[in-house]
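Structure first, then comments.
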Amino acid sequence: MDPSRKRAIRLVVALTAALLLASALVYTSFAAGRDEVTASQLLQKAKPGKSYILAGTVLAGSVHHQGTTLLFSVRDPKQKLAVPVRYTGIVPDPFAEGRGVLVTVSEHGSQWIGEQNSLTTKCPSKYQAASSSY
Amino acid sequence: MLQFLIVLAILAVVVIVVTGPLRSASRPSASVAEAAPGEETAEIADLEAAREAKYREIRDAELDHSTGKLSDADFEALERTLRAEAVEILHALDRARNE
Amino acid sequence: MALTGRALLILGLAVAVFGACASLYGVRTGRREWVECGRRSVYTLAGLMTLAFVILEAAFLRSDFSFNVVAGHSSTTTPTFYKMTAPWASQEGSLLLWVWLLSLWSSLVLFLTRGKVREIVPYATAILLGFGTFFLSLTVFYANPFATTSNPPAEGAGLDPLLLHPSMMIHPPMLYSGYTLLTIPFAFAVGALITGRLRSEWIAVVRRFALAAWLFLGIGILLGARWSYTELGWGGYWAWDPVENAALMPWLCITAFIHSIMIQEKRGMLKVWNASLVLGSATLAIIGTFLVRSGVLDSIHAFGASTLGVPFVTLIAVMVGGSIGLVVWRRPQLRSDSQLDSLLSREAVFLFQNVVLVAMVFVVFWVTFFPLISEAVTGTKVSVGPPAFRPFIVPLALVLVLLSGIGPIIAWRRVTAANLSRNFTIPVLVGLTTLAVLIVAGGGTSSRPLALIMFGLGAFVIATVVQEIWRGVSARRAMTRDPIPMALVQLIRRNRRRYGGYIVHAGLAVLLIGVAASSSFQHSSDVTLAPGQHAVVNGYTIRYVRPLASATSQKISFGAVLDVSKGGKHVTTLTTTRGFYPAQDPTLGIIGRFFNGSSDSNVGLRAGITKDIWTVINPDLGPLQGLITKGDRLFAADESQIMSRAAKVSTAQTQQSLNALFAERDTAISGLVARFKSHPWSVNFLLIVSPLVTWIWLGALIIAFGGLIALWPVPAFARRRAIARAGAARRGSPAVAARETA
């Protein structure tokens, strides 16, 4: 087989492999992904039973411990509303009022239950004070 | 007030240092003479770098041979090729230097 | 001094702009004096930035709270070491650090290349000063480190307690050094592409800096991982967090480059790859710098949204567009000098490693930016968590380790049966034997085949390195009759790049073995225990012996002493605490704010060669809540009583009453805290037993050691000797001259 044909074959194989990888990635991302929403988006369009990743800041004055459950509200970055969450599991060290958080929630009855160990907190914002109250 | 003076002093130093070459090059002969050798030295520098790389290749080949990654036959063939290439570079370097 | 500092920044900006323009003007018109101005601008910039940084440090050290950054990130009670490292805890200070490091490395590279690559240096200077201009503009117009307030507070906010850890303060300078060092190869590559001077010389200059960038960036990443494991309360070292990924991507890219460049040197191949990898690494570094500051992606690191997004995106767009344009334009000069002879050759292995590493970068990039991609395409931000990475990264990592073993021992151009049998037999046997032993030891079946394969491959790689070193030492001893230790040292000294690289591969194998073991064979347990109770994790009995509690005005802490035993024999004693720092917010209650502020965990860790036993306590403060609320009410009532009388009595008397109240408050808090010891209740513990975690840190040290060896410059006297001998070579045999060149 002459060299240029060999190279052409190699190129085709390489591109096919790349395409396969890309497709696998795209498929996994859309299939396994969960919608990331703000408080307002959650209240607007949430379907019961489906889980969403709620992003926002912890509302000042909303943090309470009830035994092993943590209660807090996540406020919307733009609008004046917040979603109350009941969460059990690991609470990351930086968690505090006014910090940015992500927590996977789903609606059960009229309550938002946080999935266990799904709470992550942003490091304390050194670049901007996160607004923690209305 | 003190800060203003400090800043002024720093400014003066900066201007003097940075514009130094402009002042000393105001002799016209300097820049013209630079231009021609400039191109040549670039080629010489390239050849010298190529020569160093070729020497390194020869040494690597020797090490590969002594650690068993090149058979005797392969090594001899390779060394011949590399030596020939090195001689070519040395000749080109000679030519460039003598110009 | 703040005004001086700001003036220095503005002056630096002017110098950077002038220098960039002067360099370009000089090289386009052939007037060397302007190019020299550009060079001097770089040195001057370094001087100015050093002065500016010193001024900032001085402000921190003397706790000058008129500086906003000092007030925001330091306090009089911050220990001195952390006062010195606090500047880069702020956006403004970190930008200044970036420019300072950039100016230092730029000065270094200009110094080292004086008289060489004359055509390329002016363009490189302009690019480096361009970066300087960008970051200085940010500090001058957007984020001024020398901003002051006319009403300085009496006390600063202090450093976040999570950052009060040595690794955490060395980690940013390491990362920034890595990022800024990547701009050097970028600048020279752009210069080489613009001038079309794409032969050997620019590579020789650039390689060391690429290697240094690789080393620093790698150390920075590993320091972050170690901090995460030993300081944060989740027990892991890598979370596939966007900012972790942002540092990993340029590192993968530059790893590919430092290997692939060898092929260009030897065979003149992969030129387009190398140009693209160098340009890509720096672009990814800028993207990483941007990610940390922009708040564009939610991450445990992302420091909130800031106005810096638009300038960064513009710079990134320019870098991407410019890079692609340059490579496409110079395509003819980037054509390979030789062809790939066979897929079973060292050249092919290097090509494969390029592909694997770029595939990894692509995967990480895609999953990291997916929320933005999905938002652009579908309108909803879809987040994909860490599990999405594994099916892609693990197989790629396995292939990469395999290649790192094959690469050093496979023949150039085309592999032969003889080469295979001579070089592969022992390492392959070692690898397969290891795999077989592990399968048998695990009882024939394993739920973690991929981890076992990684162990086998790791053994294979380590065997190749040992074989290579052994053969090299033997070959040397055949010539010089040195004793083994001396032969080893001389061998490595005279072939630093090769053996430094081999040591890095061995370190990588050790590290990935540690990663595979600790992620696949970890046992963790989330339990609630009262004193005296115990839990069993992976054969270890962990008993809650007694509670700990302490209170100072800075910090309240609750903890536990745990006894770990196995088979009845005592293994270790672990101590874990959780600290609570008072919040400033008065609405949380006079007592309450001491229990509701930020908190951090102190992990109880017993690290060992084979296993780590890790624990953290998550105390539930619920049982104290009633008392806290009562206390809040009582103290608030007392305080308002004092304040309502304040108008009728002297200020001194009010102050006295308040001081007495605060003293009582402190006693009350101490009493509350002591209840944890006297009337302990059940608390939650996260217990993890993880095998071979220490191998990760050991592997990292080996990698750093190998990297340093590869980076270490050839001593000057050896170089002079080499040049003298090379002169002799022009009259004699080149092979002789080559042998002498060290």
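Each chain gets a letter, A, B and C, in the order it is written, and its residues are counted from 1.
The rule is simple: contacts are C-beta pairs under 8 Å (C-beta built on N, C-alpha and C of every residue); 3 or more make two chains touch, one makes a residue touch a chain.
This one's a predicted model, so the numbers in the text were calculated from it and none came from an experiment.
> Fewest touch steps from subunit A to subunit B?
2
> Measuring centre to centre, with centres taken as mean CA positions, what chain is farthest from subunit B?
A
> Round to the nearest whole Å and give the separation of the Cα centres of subunit A and subunit B.
53
> Averaging over Cα atoms per chain, report the distance between subunit B and subunit C in Å.
33
> So what's the Cα centroid distance for subunit A and subunit C, whole Å?
Distance between chain centres: 24 Å.
> Where in subunit C do residues touch two or more other chains at once?
Nothing qualifies.
> Could you please specify the touching residues of subunit A with respect to subunit C in the complex?
The touching residues are 3, 7, 10, 14, 18, 21-22, 24-25, 28-30, 32-37, 53, 55, 60-61, 63, 65-68, 89-97, 100, 102, 120-130.
> Quick one: in the complex, what on subunit C touches subunit B?
The touching residues are 1, 3-4, 7-8, 11, 15, 18-19, 30-34, 36-37, 40-41, 43-44, 48, 51, 116-119, 197, 199-201, 203-204, 265-266, 409-412, 416, 418-419, 422-423, 468, 471-472, 475, 478, 495, 498, 726, 729-730, 733-735, 737-739, 741.
> Which positions of subunit B touch subunit C when the two form their complex?
3-4, 6-7, 10-11, 14, 17-22, 24-25, 30-31, 34-35, 38, 41-42, 45-46, 49-60, 62-64, 66-71, 74, 78-79, 83, 86-87, 90, 94
> Residue numbers of subunit C touching subunit A in their complex, please.
72-73, 89-91, 160, 162, 232-234, 293, 295, 298-306, 339-340, 343, 355, 359, 362-363, 366-367, 370-371, 374, 380-385, 387-388, 391-392, 526, 528, 583, 585, 587-588, 596-601, 618, 620-622, 625, 684, 686
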